[in-house]
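Below you'll find the structures, each written out as structure tokens.
The two complexes that follow have subunit A in common; it is paired with subunit B in the first and with subunit C in the second.
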Partner chain A sequence: MAERILKNISSRGLKNALKGNDYRKEATISYAILIVGFILLQAGAATGLIGHNLQGQFVPICVYCSLAVSLNLVVGISGELSLGHAGFMAVGAFSGILVSRIIGPSLAFEPAVVLISMLFGALMAAAAGFVIGIPILGLRGDYLAIVTLAFGEIIRNLMNVLYFGLDNGRLRFAFNHSIEGIENADRIITGAIGATGTKTMATFTWGLLLCLFTVFVVLNIKNSKQGRAIMSIRDNRIAGESIGLDVRKYKLMAFVVSAALAGMAGCLFGLNYSTLVPVKFNFNTSVLILVFVVLGGVGNIWGGIIAAALLTVLPEAFRQFADYRMLTYAVVLILVMICTYNPTLKARITGIWSKIKPFKKQSESKGKGKNKKGRKGAA
Partner chain B sequence: MTLLTNLISGLSLGSVYAIIALGYTMVYGISKMLNFAHGDVIMIGGYMSFIMTMYIGMNGWLAMLVAMVVCTLLGIMIERLAYRPLRGTGSLAVLITAIGVSYFLQNIALLIWGANPKMFTSLFKGMKPIHAAGGQLTITPESIFTILANVVIMILLTLFVSKTKAGKAMRAVSEDNGAAQLMGINVNQSISLTFAIGSGLAAVAGVLMLSTYPVLMPTTGAMPGIKAFTAAVFGGIGSIPGAMIGGLILGIIEIFSRAYISTELSDAIVFACLIIVLLVKPTGLLGKKISEKV
Partner chain C sequence: MADKKDMRNERRDIDISDSGHAYENRQEIYYNDNVGGRAVFVDSKEQYAPDEPYNDQVFIPEKDRGKAPILEVKNLGIDFGGLTAVDNFNLTLGRTEIGGLIGPNGAGKTTIFNMLTKVYEPTRGEIFFDGKSTKGMDTVDINKAGMARTFQNIRLFDKLTVEENIKVALHHTTNYGLIDGMLHTPKYRHEEFRIRKEAMKYLKIFGMTKTADYRAGSLPYGAQRRLEIMRALATKPKLLLLDEPAAGMNPSETTELMDTIREIRDRFQIAVFLIEHDMSLVMGICEGIVVLNYGRVIAKGWPEEIQSNPKVIEAYLGKSRGKMEEEEEKEKNDIEAALRKGRLESAASGKPDAAGKVGE
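Let's turn to the complex of A and B:
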């Protein structure tokens, strides 16, 4: 009974209830994009069509795709603005690197090391998400955004003074490099210099597995009882509360799962570089991930994947126009936002589009309805 | 005595944050958007003032006036071109656009002035610091003028908002956009005016800040922008006295944690204080509690 009411108050939930194939469609498209993209890029690399610079971007592309999907769980599905996703990424990256350095020498099987590191990174990020999630429960809208921003900055600041070292197989850590016992140790994380001497174990295949796993988790949450509860709270919190949904529990759930997935992605990112500075995980990175989510369409899983991949590849491809690259990026970002969200421009663009494609008028109007709902979720 | 010295420099830094936070809080109050480009307007103001004094040989105060005019126009232009088309479409779209504007300003500055840091000449270069308590306490003219400027701006702005017709219109629009329009208030004009005032103040804040911390780069405005935004939320976003109190408290916390705890952790402490305040009072120190209706 409660399940039925739940479906009714969530507009998207209602649609899901009417058309059970929506989930399957979204899942098929998402997995197809990931696998086809993987095969195409692998083929490109094998035949030499893709240069070394771009090949170096394979793992970051996967990491950003995965981050876009996990942030979508908070921004799109839970409807809360998060500006500190890079903070969870940092937690996952540095704790994962730590584990890989500790168990790395004794465990010969490399994939196991990567897997254990990633799981530990996810665990630590989930713990961080839980801690930061508690104050978030009482906050709404923009106040929540600023707390996540503050959290991201705190993490980055703490990383700047954190020192980890191995001393004859024993782990030592300090908040100050001058503390005794750390100076002789084999350093793993050195404050603002970050993690050094990491064995780069991340491969493109791991990247694909990470993306597939993230999409699997997020899509399944979206299509579960809990997911519908989360979405109904997003669409109408008071209505959700009135039928007995525990708002705090569901918001926290979305937040912690998203943090854990970000930690996992961060760990793979960390294992991709032999040195990694904490500055990498600043506010700009959080914003970048948010831009992927918004440009891909808030709540749209595969849209985020495409946006993340394109926006990671394109700036790299236009490196020779270094001076104008970021300027163009900024202008394009503003123009895209205005063109997709301004009511009059949007109507005009859809009008032109339907003239070009006269056969698809019906599905076009369907698409428009979808957008409208996506926007409602964002507000 | 060091305590008093730290307190004064804390108040001075806090005053800068307060002036910047005014821009955030007024814009938020009237159009419910987080204007992330505000910090970069400070940077543009700094560069304008720098160019006017270094290359044109203008007097520092006159240069500040020019910077104010340029930033005011810039603020109006940003609102007109980037934010107005997106009004009423939800906070996320406007937020991303503001971030786009922020990237745009930073990269324009990078193209024109390069990435090398420039050394800003203090506005109060000729003045001597005041020595008190037998030479133990030194007060720089920068601190005095920054704190004074903050007080003057606060008084003028409060008077403007409560006494003048334009100020009352601004308050009406921030209270209820639609009702204000029905009362014959020109909403567009009010919002433009808010952006103009906020951006003009950002230029003043930029010059005052660079007088104390003279390194000028395209990314100079980013961190003070975020801190001032924090200050605005700290005091309760949308409230003018809140911005002032939030800014001052934040400045004092930052200087004190730098002096007594750790330089590297000062930012973390500032942000942790924000989280604690929001835990106790979810809408900031002076924020209004909004009750939701079904």
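Let's turn to the complex of A and C:
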């Protein structure tokens, strides 16, 4: 991916890379934000500008960025409101941890363990998304939102009573407290206490790779046959059917891919902590991810990334005001809603923006002139 | 030295000259091969009687007589609750016919389109498309079978570009899977390049290649209508259903549209069935016309026949004054007669209450 961007930049210049169609522009901006952010944070950590507390947030920031992007596939591209994203994250986290504990001791090469765990987490989350998606995707709008919320909670509550343990190399599991079979076992997941004794293998680099992969997949889908089908069903369901698009299939596709990516992110999240409780994946987390998406602009990939990063960093940076956190949240959200749906304000902001950056316009028109000349020459 | 071309540059490289007649030259084409329908309706009947048994072969233009009809509708009807919206609708459409469906507002024209495309399931009757019954098919199957439509209230994919709108319609001919789409494999690149070329071909028909990068929702009304026709056409149908294609177009745009519909029919060799209120368009290009009123067929035939049909004139313009007075007179007489009869009856039986009162 990085190669592609470098190629873009080197072969045609950054300006040209930004000037192509919407897809190329969006991709370039998203990758650039991720890579620049990564470099800045790494540099900050190396020079000691960024404290230990914030360094501990590096992986969660990446995870939330990735989640914001994957939820955008459902909310922005497919146009359905999903409130159960944390549920898929939980599935990915616990199944990933399970795999890492099983294969961890026998496989010395750590990155392979992480990769396999993440893939397995994605697979399990996709399966969960598929099973849940089939019955509910006939629903629309608010009803779908409520049912996804319910399923998210069901998944979390299942995790609350699920016990997994290794007994002489054999995997055993039980529900609730009927744990006779795994009494002597080496417990991996212990109901509401969650996963304990996980070897923390997640690193910032893995976080970056996760984000890049998520952006890569989501943007590619958006610019493919499948993405076009998903978006056209969002724009006009009846017209979509009239040109032969299977509505349920494509809604399900968006839902499952989004769930798989959430599972992958969840797995990395799980591998970041030695102890992980299922409560972490409650309704609040789902809403938080949705807030990232809304704040960044529904359907806007890089907007979601920025929103996720900021909203994860800021509470950490202003820890002393933690009591007012939810209050500020509400106020900020209301302000954002008012601003984004206010054309007068938008026009004023863009007006100010163009005044601040007069040189930007000039350089653009210069670029255009050059391009035209180039075309004439080619013809 | 860019090894990969910019998308826009690639588009300019596409050779569209093989796509047949250029949009601008279409006038000549039409004057050369005069397929306008008038003369081909040889033995259609003077007037259509809705109660006659199913026998519609006579309404197919002569050039399509030898082939099996593309669409056969027999005794089609639908009820919404207690209301019969359409009843006893019969139709046979030739392979390359341009058929018209007209009627006053609320006559049930769009309902018939909705039944043909299975947006509504008909209550009665059968539809045979390309020789096969469409029973049990849904909208998606109907489209895959080869019937495409446009909508009275335009239904475009507003947030997609014009080009993407056509590409979506080419969905089933785009040959790659989800994994290719996710990872943009060489297969994806190859197919995307191919369908971009094809999409441009379709846009060329209406001369819309310049607007390819615009959002569909931002186009002017007439262009949106044309794009919708292109999108329907891109699904490679055998029958194209157009629901008021000229609505909101000015006279010159309508004339252009007429030419284009004929061009589409000739180039793709498909049948077209259209609903339209603009009589200049209907009378100009349709080879067979069905007139609907209150959900029933009131006339069928070729354009001149329809224009002079008293039932059609009545449905559109109302009854003539003399006839109206005559009917009013008749109605009055009927009511009077009924009243008189009622009075006589009540007098004869003698209502008990009244009788009692009289007695007191």
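The rule we apply is simple: the second predicted complex is superposed on the first by the 320 of 379 C-alpha atoms of A that agree within 3 Å, B and C clash if a C-alpha of one lies under 4 Å from a C-alpha of the other, contacts with A are read in each partner's own complex, and residues count from 1 in each chain.
Throughout what follows, contacts are C-beta pairs under 8 Å (C-beta built on N, C-alpha and C of every residue); 3 or more make two chains touch, one makes a residue touch a chain.
Quick caveat: nothing in here was measured; it's all calculated off a predicted structure.
In the superposed model, A:L171 lies in contact with neither subunit B nor subunit C. In the superposed model, A:V291 lies in contact with subunit B only, and not with subunit C.
Looking at the shared chain after the overlay, A:Q226 reaches subunit C, while subunit B stays out of its contact range.
In the superposition on chain A, no contact is made by A:V131 with either subunit B or subunit C.
Once the two complexes are overlaid on the shared chain, A:L245 sits against subunit C while remaining clear of subunit B. Applying the stated contact rule after C-alpha superposition, one finds that A:Y143 touches subunit B and leaves subunit C untouched. When subunit B and subunit C are set side by side, the one touching more residues of subunit A is B. The interface of subunit A with subunit B overlaps its interface with subunit C at residues 238, 375, 378.
For subunit C in complex with subunit A, the residues that touch the partner chain are 1-4, 6-9, 117, 119, 138-140, 143-144, 148-149, 151, 155-160, 164-165, 167-169, 171-172, 174, 176, 178, 180-184, 188, 191-192, 213, 231-232, 234-235. Considering their complex, residues 11-12, 16, 20-21, 24, 217, 220-221, 224-229, 231-232, 234-236, 238-247, 253, 257, 375, 378 of subunit A touch subunit C. Contact residues on subunit A toward subunit B in their complex (touch as defined above): 75, 81, 135, 138-143, 145-147, 149-151, 153-154, 157-158, 160-161, 192, 237-238, 283, 287, 290-291, 294-295, 298, 323-324, 326-327, 329-331, 333-334, 337-338, 340-343, 345, 375-376, 378-379. Within the complex formed with subunit A, the subunit B residues making contact are 28, 34, 82, 85-86, 89-93, 95-97, 99-101, 103-104, 106-108, 110-111, 222, 226, 229-230, 233, 237, 262, 264-265, 267-268, 271-272, 274-275, 278-279, 282-284, 292, 294.
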